[in-house]
Amino acid sequence: MLEELKQEVYEANMSLPKLGLVTFTWGNVSGIDREKGLFVIKPSGVDYDELKPSDLVVVNLKGEVVEGDMNPSSDTPTHTYLYNHFPKIGGIVHTHSPWAVSFAAAKLDVPAMNTTHADTFYGDVPAADALTKEEIEEDYEGNTGKTIVKTFEERGIDYEAIPAALVSQHGPFAWGPTPAKAVYNSKVLEVVAEEDYHAMQMTMDNSRLPQYLLDKHYYRKHGANAYYGQNNAKSQSHAKHE
Amino acid sequence: MLEELKQEVYEANMSLPKLGLVTFTWGNVSGIDREKGLFVIKPSGVDYDELKPSDLVVVNLKGEVVEGDMNPSSDTPTHTYLYNHFPKIGGIVHTHSPWAVSFAAAKLDVPAMNTTHADTFYGDVPAADALTKEEIEEDYEGNTGKTIVKTFEERGIDYEAIPAALVSQHGPFAWGPTPAKAVYNSKVLEVVAEEDYHAMQMTMDNSRLPQYLLDKHYYRKHGANAYYGQNNAKSQSHAKHE
Amino acid sequence: MLEELKQEVYEANMSLPKLGLVTFTWGNVSGIDREKGLFVIKPSGVDYDELKPSDLVVVNLKGEVVEGDMNPSSDTPTHTYLYNHFPKIGGIVHTHSPWAVSFAAAKLDVPAMNTTHADTFYGDVPAADALTKEEIEEDYEGNTGKTIVKTFEERGIDYEAIPAALVSQHGPFAWGPTPAKAVYNSKVLEVVAEEDYHAMQMTMDNSRLPQYLLDKHYYRKHGANAYYGQNNAKSQSHAKHE
Amino acid sequence: MLEELKQEVYEANMSLPKLGLVTFTWGNVSGIDREKGLFVIKPSGVDYDELKPSDLVVVNLKGEVVEGDMNPSSDTPTHTYLYNHFPKIGGIVHTHSPWAVSFAAAKLDVPAMNTTHADTFYGDVPAADALTKEEIEEDYEGNTGKTIVKTFEERGIDYEAIPAALVSQHGPFAWGPTPAKAVYNSKVLEVVAEEDYHAMQMTMDNSRLPQYLLDKHYYRKHGANAYYGQNNAKSQSHAKHE
């Protein structure tokens, strides 16, 4: 079942090592079929050079395995929570990419300091609170999704406009309309985290982008008036890699 | 039309990922035929591994597309402005190479701190002012060229002697007598930005090169008395990669 | 003799350059046959691209060469000491991987600041004391093992739960139930050292993981209640790369 | 003439890009035949992927070209000066490797902070003074050699025991008994400069190695009592890559 989606999710998973986003097996991508209410996710702990599309596991929105011989990623409850609470996303990526992890360890947002950031993220990428002892013991992976969603709600962030978050002391999650787009967003986050780190070490100024520059770059690539690329008037969800 | 120039601009574009200067499609090179007053530029948002010479777009010095099926780079008005105001340049490169972007985000010039810098840039590479709200809303990409030219004029910098600039909060632009030479300058900027960052973290001293060392290294490679390479007395515009 | 173990140790040695953990010949892996009381180790100073399984040297637990035409690694007495004092380990790796060396040079533990760390190391990876003049002159390599074991004893660290150490001013050692697992632990140490460095530069807070988060991630992958990967209930010693 | 030496110098030059020590053409290696008093050096500004052994230029100890159609490296007078004043060296490397350049820009010695350093360099690698205006104008490249030699004399450093130097605001030079060994030393310098930088950012302590640890590691690999590698009792000049 879901053969086409499996292929798409497989390719998105395989792009993680090519983009330098994972060490060993430390990353996973899922993709969802919204009509069927089922998502496809990488099995837990499988080496990328051994992964096959048929290894992927099909899970429903209660987090139950519907098809597959292998254990799904141990992060499956996080994906489930995010799909349930961010109803417009089509793919999710979790990695431990090193620059994003450094910000997560320092419990710092990745600030919007350059236009590459603004092309993809319409503001700072938030560092969600680390989980409490109770949250960890109750349902660690589910509550990992919950702290992300709570952060977006409390800070009034649009999850489509800022399609990524850090979980403090843990690492980055990114999402998007498709698995491939989620991987793209994950890479952008890693790139801008590296650039921000170096800029932050060189200046004490508040060097966040002004709102009008954020607006310009974000809407140059997104929404009805976009004019970047070859499909200008298309929405983010239809654009290919920007 | 301009088949030879297209090939040259195509090869210059393709060298960007090889030199580690671009992620995804985030970069573009153009080259100009000064006699015809036409330049050739990368189409917007096309993956490097799909790019073909025939995809390149021909544009005139009013910024109008003269030939090509695809949209030109969204940065075309910046290229147009620079070609109009820097009349001796033959090629322009724009990237988001990470070290140069870090300096741009911190709104800092890339200081002349070592002889590699002086071999190519006869002084600090300036960080041009970020655009104002009005400049962004009026003509973002055109005014991106304008802030660069204004910075060179106000600070009395010779654009042939310092063939690159940062636009604050955005990223680097480089140029040169040919597209290949512009790419070369773009790479030098990235290399010296990395070296400067680390040197700046290690010392509080003003470690800029003295004028006489700038002179020595710059004129060892440029102008009538150059003696580096195999074509010593040739001008910069005829030298191959130095 | 020990042909299978030699192959295993050979492959583990060859994975070091692939994982970016060694420059030139600066690293070695050994593996032990506990029943026979013999271990197999890389010869000293041999290039990785010339190394063959038959070059490996067999050594007993007194540190005496039992088989092999070449000199064993000059670090053989360190391996011997560790095998004698850490009776449950099956493989040892010594490298000079650059991030771990930077912490060793600064005489700093690699702190547990993110969940990647906790997945493998149940707490800070300790920086053992540098050797004294007397210890160096008496038996340098043997006492290198001794300072590690002494640090684990004095600080009450379980060598199975934190399977790596730095020797101050020198570099990292890692171990595990198998040579491959020791290499894995060596890579994790390098990755988290890099992430910690950047996090430490960005924040003055004590950002060590709380005990309950350490517990969660460590026991998600280790022990009877592990649920990561495809072999959940298996102990660390039987799991493949996690 | 000197065909064997040419091949050796050619291979040493070609190893520079493989070891990540050069960008573009920014590096050169030479090797000397002490009996004939002639050295072989890379031509100026030739791309590594176009370089052939027959392109190499033969120069005498007055710095005069004896054989070769191409211009020798513009740094030839520096090599000449060093060969004349360091009579036991057989090969010289000059690069602009980025970590060494950062220390040179900051005018800082590369301190002996870890045992990798001590394995090759018996103490800090000195940053020689930048040249004065007069020295630059008089004979830039020759005086570049002179500032190195002067630094070694004034600080009483043995050029065989510390086979490298930085020239402040410029970059690193390394040497050794053979061209290959000089390249090796050049790479070690780059590696330890990176490690030192990070260690220096993490600690304010004086973390230089104590003399007895320097002694141990240096003499483990050099001199009559060396016991690293497969040729223990051989002197440095006969050892292969350590």
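Just so it is clear, A, B, C and D label the chains in written order, and each chain counts residues from 1 on its own.
In this section, a contact is a pair of C-beta atoms (placed from the backbone, for glycine too) under 8 Å apart; a residue touches a chain by one contact, two chains touch by 3 or more.
All figures in this text were calculated on a predicted structure; none of them were measured in a lab.
K.L.:
Please find the path from chain A to chain D through touching chains that uses the fewest steps, and give that number.
P.N.:
Steps on the shortest route: 2.
K.L.:
Since chain C and chain D are copies that touch, is their contact same (over half of the numbers shared) or different (under half)?
P.N.:
different
K.L.:
Quick one: point me to the chain whose Cα centre is farthest from that of chain C.
P.N.:
Checked the centroid distances; the maximum from chain C is B.
K.L.:
How big is the gap, in whole Å, between where the Cα atoms of chain A centre and where those of chain B centre?
P.N.:
33
K.L.:
Starting from the mean Cα coordinates of chain B and chain C, work out the distance between those two points in Å.
P.N.:
Chain centres of chain B and chain C, defined by C-alpha means, are spaced 47 Å apart.
K.L.:
Give me the residues of chain A that touch two or more other chains.
P.N.:
201 - these are the residues of chain A that touch more than one other chain.
K.L.:
Graph shape for the chains shown, where an edge means the two chains touch. Line, ring, star, complete, or other?
P.N.:
Topology of touching chains reads as a ring, each chain with two neighbours.
K.L.:
Any two chains that touch count here, so list every such pair.
P.N.:
A-B, A-C, B-D, C-D
K.L.:
In the complex, go through chain C and note every residue touching chain D.
P.N.:
Residue list for chain C touching chain D: 23-26, 43-47, 70-71, 74, 96, 98-99, 101-108, 130-131, 133, 136-137, 140, 169-171, 197, 200-201.
K.L.:
Per the contact definition, I'd like the list of chain D residues that touch chain C in the complex.
P.N.:
Its residues touching chain C are 113-116, 184, 187, 191, 194-196, 198-199, 201-203, 205, 207, 209-210, 212-213, 216, 220, 227-230, 232, 240-242.
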